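Common to both upcoming complexes is subunit A, partnered first by subunit B, then by subunit C.
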Partner chain A sequence: MQSVAEDTFVEEEANPFATKAIGLKRRDQIVSILLRLGTYFILSCAAYIFLDIIVKGAPVVFQAEAPFINTDFFTQSPETLMTFETASGDEYKMNFSEYTEFKTRNPAIDIVDEHSHAYSGGGIFGPLIGTVLLTGICIVIALFVGLTTAIFLNEYSSKGKFMDLIRLAIMNLAGVPSIVYGLFGLGLFCLVAPVVTDVPAPRAILTVPLLFTDSVLSFEGWGTCMLAGGCTLAVMILPVIIAACEESLKAIPMGFREASMALGATKWQSISKSVLPYAFPGMLTASILGITRVAGETAPIMFTAALAHKDKLPWQDIPTDAEANALSQSAEWVGGFFSQSVQAMPYHIYTVAARIPQSEYTKPMQYGSVFVFMVVVLIFAALSIYLRAHFRKKVQW
Partner chain B sequence: MKTTMSKNRITNTDIPEENRVISSHAGGNTAETIIGIDDVNFAYNKGTDVLKDVSLDINRGEVTAFIGPSGCGKSTLLRCLNRMNDLILTASITKGSINILGTDIYDPKVDPIELRKHVGMVFQKYNPFPKSIYENVAFGLRIQGIKKASILDEVVERSLTYAGLWDEVKDRLHSSGLGLSGGQQQRLCIARTIAVEPKIILMDEPCSALDPLSTAIIEDLITRLKNEFTIVIVTHNMQQATRVSDRTAYFYLGELIEVGPTTTIFNNPTEKRTEDYISGRFG
Partner chain C sequence: MSDSNADTQKGSSDFEKRIFQRKGFTFFGLGLQDVIRYFFGGNASLAIIILILICFFLAKEAAMFFPDHHRGLKAYRSAGQEFVDYIGQEIEQHTRIYSSANIAYFAEVNRTSLEEDAILRAQRAVLANVESLTARSWKELERGLDNLEDAQEDLDDLKESEGALDASALSKLTKDIAQLEAKIVTVRAKLKKEVTVVLGSEKAWDLGGGGIGISSGARAKVLDAVLFEAFPDSKEDHPFIVETKAASRAKKGLEAEKLAGFKDTLKALQSAVRPMKDLHSDLKKIALESRKEINSLETAPARRDAWLAGAESTDDPAEKARMLARAGEVVIAAPDLSALNAPIYSSVDEHRTLLATLQAEVERLHKDLPDGAETESGRKNLKKADHYYGEFVTTVRENRDKIQGWRHDKSLGLMASVGAFLMGKDWVTNSSWHDFYGLLPLFTGSFLISIIALVVAVPFAVSAAVYVNQLANRREQTFIKPAIEFIGAIPSVVLGFFGILVFGETLRMVSQLEYLQWIPGFPMAERLTILNAGLLLAFMAVPTIFTLTEDALNNVPRALAENSLAMGATKLQTVFRVIVPTAISGIIAAVLLGFGRIIGETMVVLLVAGNKIKIPDFTEGLGVIAQPAHTMTGIIAQELGEVDNGSLHWRALFMVGVILFVISLGVNFTAQQILKKLQKI
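Up next, the complex of A and B:
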């Protein structure tokens, strides 16, 4: 045994560390090249998408002279774009509202070769506002329900089959396609959810008279409105929020809870004073990432909240009873506000990309919308990264 | 019994001028039972008892050490004394009773929250909150709703002084408690515990995460604390038990093998198993 070892040693004396298994080494190199190629492929795809959008979208949003930003694009709502030539050979391009004005101002003008391009004029103010409102409603509802659920699951619930079942159900919710959520929202919030009204609609499936008032609780649904859309988005994002909040709670050392309890704190005191403040940064980060996800969803709002075209902004022309007192008027206004349907960025992009006749004049609107939307999402993602880093620095253990 | 105890507490905290820490055990020199453990069985899950027929009296104003190999149930018993085991939903005492200050603490009428104000606990891994030193010590009073700055200031200073930490931290009371060294953090945890003026302090291997020098400081502190508090300490370090404790209880596999004055247990144990353990033949 010893002599064999000595022999090998003598043979390899020149370089005892030379490669022995050449096949293994080659396989190692091939694998590393493959892994590298896979990564580069993904990177180049992402780079192509971003560059394409930036190159074609940025010129719509930015301009050469002050204020360097195309303010019309941000302050006007989508409109039909008219292109035409006059008999004298001048070419014109203007929004539909300007076009009608132009015609009344110049009744004598002879228009030839007139084209209309739907949704290609104006800007994206309406859709932006709609998306902000929808995600705002969504995040308020989702955070409240998600946080309470996560606290219950992580701090209060006992271990057992039933709780495992609940967890499984929540995890499965995350895998449901978004179009299913859209239909669910349509079925529940738009058609069945309860409203307080004096005159129930004939389609109400159930009406419950409210004591001491003339009103009834009518299960007739909220109709297509931002509240229904926000709720649908909230249901969709709930599994993500719950999981993220639970993870943040789990990351808090058990010692904080124990120390607090051992000092005579109640359970809720322990959670609210020694757990939640330190879990907050993680929850915040997850919620902001959740916002960016719901902001981009089209399917859930398609049936529940979004319109392709809407002339008025959600707060314009809400009908209120002029006879009533200020309090019930404002209550009516708030109710009316949340019952408004809205335009929304993802649905607007879907419309301009896939539901209108394409022409060279639609391109700026398409790329401009996508560019703005992408930048907004990037800003939110950056914000969440910044906040996480900021709070990590402040709260550490 | 419980109502008198809570009444005492309220008067105590209402009169900050009174030197409460010092006065709380005046005249407690004779061996008087403060914790009576009577024939206790305990199970984390029904059917598997991890403590079997444990009976043990702990005297007021003494340091009692629980020793024994890992998994022998000494920490479990310690956590029964302030009902920290309640946090595990399936865990419960299956037999016997534990009396503290004359009250059966597993009586349905006993509120574990009130109990824990009287039976404080210091943990193995020092766990100050990620708050300032001041807020760490004031935490126990704040959750009781005490907001008055003068009371808080006084209690914080007294508790930190008592824990031997005041001189080291008085200039940075409002910087984070996590900026302290390990030994200082553990003393901060002790200060936090004594700020709510418990009668009894439970210590679960308080020095196992500390270096020898910090350990010596904590042990010194324990000897000083026993004038005012009854201390129960779980330790793996037998030298530590001989240094700090008046009485020692040896546990093995969930049973109390032997309990007695520390000198007797270490020099003249009656049980063969105790002798084997303390002489290092196993464990």
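Up next, the complex of A and C:
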């Protein structure tokens, strides 16, 4: 009997249509392990990059004794680093400004073996300030225009082919390379945008006299300045902000608006009281995401706003007419402020990565800047990811 | 009632009106609601106007590019430069054959003395390493020696000086010298110790790629030789080095004797092209002169106008007269092109005879080249020479008609300018000969890098998406998804920074590994290559592709998966035969959007791709990935800062921007159409 049973079993095994349960299971396991390996490989690449930058960058920023943070690195602007030895064999390493002072103080000193390392001394105060200003200008403009456009598109505009076309155009522009926005910003804001001036530049393409004043509106461009850079970044991020804000407006159920209107509220009342408050979290996430992206962009500001080296901070030494009244003086000051070019973190990193050789003296600046920049950008990124997850969990209709 | 809500308020009672309406606010006859509406509408139009302006600005600069470019091309033809460059092409092809064969020859000659050469190379490299590692002490020693020399000179001066010898100064100097000598001895001893220590460490033996390639016995001798060379007692080399050099020379001599025929062929090949080269350089000078004249005559009216305008604006009569005279001096005439090109036409026959000889000679010599070689490099380069010979023959054949039929006044359509831009193989700027604006080198670079990035990124991103969406447990999901989105937030300049400072060197080291040699292009000689940029961009594209693929997988109706499982399919069968095929168009859209992101990326390629404006050499097949390249985005970022507004170069860069714009719009549009179709299912 035993053998018969075995025979039937063997026959079943030989069935050409049956699948081998064990083999399948093993294949499943192997494939899923492969997939898992692929996933964790990506994560380990990311971990490697982060760790490399943290290990080499953190020692520049933190120190062992109080206040535990290298304050000089955050309060000074980038400078040339001088290293030299004196004839007596002492070694010195100091920023260029200190170096000139040192030399005037010790005229007798015999300096041998002097080296200068461009951009490697000082700290990153200037670039940090520049990035904050650029990002701030950009976000104010982009949020204002983007939010209102999204509200118009979603709440006011009629549905139709034309609006679909505009939506499609906006979606498509979100994918245009940032360097193309840089070209556009240079062409429009730096070279053509209008300024109010008494003496128009010869390159102005059009001048319009302003009534009752001596000034003219001259289309000569703003030059390389933070306003041009901020506007370029704003234009770049605009499609993203519009799309994200519209998305969050769309997510509000129609019933909210209908209920409000049914109670007799006006259009604006229902938008401001029963739509915007609920769309707020989505918009907040969008704007933080926008900040993350804008702060990291280099290509659009390369020709529109950023400088590799600048001695003064943007608010220092803005020329104003001392004889004019306080109002026009402050107007002049504001205008002068926004037409300053700035240093910016991403451009600074590009400079220290591409334009200076690697050595033990340049490394602290290189890794320190990247470390600080990455931490700041990633904090914003983490915030936006957290907020999105948080609100998604919390808000349910 | 002057307010606007007539439509929403139609038919409402007085009571309701009192509750919801506040009277009073009107603005040019518009109610508050209208004002709000127009405010939003105005902003929306502003946004749309800005977005239209982008297209307008790019199109404006680009549209002005082609007429200018056309003018340049016309001058290029009128001056005979085009003709000269045809001859140049033939010479270049010949040079390629010659240099490949030459490399092959030297590979063969050096083949038996490889070890000796490696030893000599290692000795030089280790010596350099040691010296740089102990640079500080060397400087100290040098300074000591300098001081000693100064002191000795002082002593000599003192001795030679007339008058009474200052005994105290003399004794002081002698003491100083003794001290300095003693110090030098100690420094030297210290240095010797340092050098020995350094030599023991691996750092000294880091020869920067290629490995050492010498036996351990030789290594010990090299070490000895380095020590000897570091502290030379005489001008002679270390006996081991002398011996090695002699051995290397002898072996090379032996091989060279065997390959004497090869050498003669090479020599003949080199001298065969000489008459052609002479003709080429003569004609080049003539053409350049013609071009200068054409350019100066072309700008003559503008120059005269400038003098006239200057004369008009000045008040000083003498100055005015001078300027008017200068304006009168400007010759305005059409250039006499046939006279300018006469030498070129008369050289056609000479060129024909020269070319016929050259071709016959090259054909004969090409046959004389050895068929096989002993070394890998020799075989490879002989094959290359063979390949280039084929190219030479085609170039000669194609150019024959072009040269015979060449006319300086042949008409040149505007489309020729478009073609020269889109299909041009050279991007040469600031040249004294002619500026070429050809897109191909940049486009090839961008395209190759994107393809590598996609080939690497797609498998990882899609498998991660499938894993997270279908197989991972909840805990993994909540951790992996944000983590990969986090990668997307890394600024590109940081990745470029990482690529230039860390990854490039790592990749080069990895490419030296013995068991990775099957990968095309390995081992790599350079840090900044297409592969390096491609891998970093792959990393950048992963989050985009991952997120969109995951969305696509999420959108597959649950019922499909449940049906499949109910029919007895395993989890993986369900995933790969039901879910992934259903989501495939979404995945394709994800890949396309990833491609759009990669091809528009600037900072990584600018920093990492190597920035060499040349079409990569495809003769090595896939090995092309180990070469540097330039990209469309990179060239804009690199050159735009340095060109004059409105110049031809400036417009060429805008034109590149337009091409990028069109590519990315096309890619995005296709992806969105696919996604739209997907949503309808």
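Here is the rule we go by: the second predicted complex is superposed on the first by the 353 of 397 C-alpha atoms of A that agree within 3 Å, B and C clash if a C-alpha of one lies under 4 Å from a C-alpha of the other, contacts with A are read in each partner's own complex, and residues count from 1 in each chain.
Throughout what follows, a residue touches a chain if its C-beta (ideal position, glycine included) is under 8 Å from a C-beta of that chain, and two chains touch if they have at least 3 such contacts.
None of the values given here were measured: they were computed from a predicted structure.
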For this session: With the two complexes superposed on chain A, say which partner A:V196 touches: subunit B (first), subunit C (second), both, or neither.
Result: neither
For this session: Scan A:G38 for contacts with subunit B and subunit C and give back first, second, both or neither.
Result: second
Exercise. Of the partners subunit B and subunit C, which touch A:G255 in the superposed model: first, second, both, neither?
Worked result: first
For this session: Have a look at where A:S274 lands relative to subunit B and subunit C in the superposition and call it first, second, both or neither.
Result: first
Exercise. Taking the superposition as given, does A:I349 touch the first partner, subunit B, the second, subunit C, both, or neither?
Worked result: second
Exercise. Does subunit C touch more residues of subunit A than subunit B does, or is it the other way round?
Worked result: C
For this session: Examine A:A389 and indicate which partner it touches, taking first as subunit B and second as subunit C; both and neither are also allowed.
Result: second
Exercise. Given the touch rule stated above, what does A:A265 touch, subunit B (first), subunit C (second), both, or neither?
Worked result: both
Exercise. Which holds for A:L153: it touches subunit B only (first), subunit C only (second), both, or neither?
Worked result: second
Problem set entry | subunit C-contacting residues of subunit A that also contact subunit B | 261, 264-266
For this session: Give every residue of subunit A touching subunit C within the complex, in rising order.
Result: 24-25, 27-28, 31-32, 34-36, 38-39, 41-43, 45-46, 49, 52-53, 85, 87, 89, 112-113, 144-146, 148-149, 151-153, 155-157, 166, 168-184, 186-188, 191, 203, 235, 238-239, 242, 261, 264-268, 292-293, 295-299, 302-303, 346, 349-350, 353-354, 358, 366, 370, 373-374, 377-378, 380-382, 385, 389
Exercise. In the complex formed with subunit B, which residues of subunit A make contact?
Worked result: 158-159, 253, 255-266, 269, 273-274, 278, 395-397
Exercise. For the complex, which residues does subunit B have touching subunit A?
Worked result: 82, 84, 87, 89-90, 113-114, 116-117, 120-121, 123, 125, 127-130, 139-140, 142-144, 178, 189, 192-193, 196
Problem set entry | For the subunit C and subunit A complex, residues of the former touching the latter | 5, 8, 12, 16, 19-20, 32-33, 36-37, 39-41, 43-44, 46-48, 50-51, 53-54, 57-58, 60-61, 139-140, 143, 459-461, 463-464, 466-468, 471-472, 480, 482-487, 489-498, 500-502, 539, 542, 546, 570-572, 593, 596-597, 599-603, 606-607, 633, 636-637, 640-641, 645, 653-654, 657, 660-661, 664-665, 667-669, 672
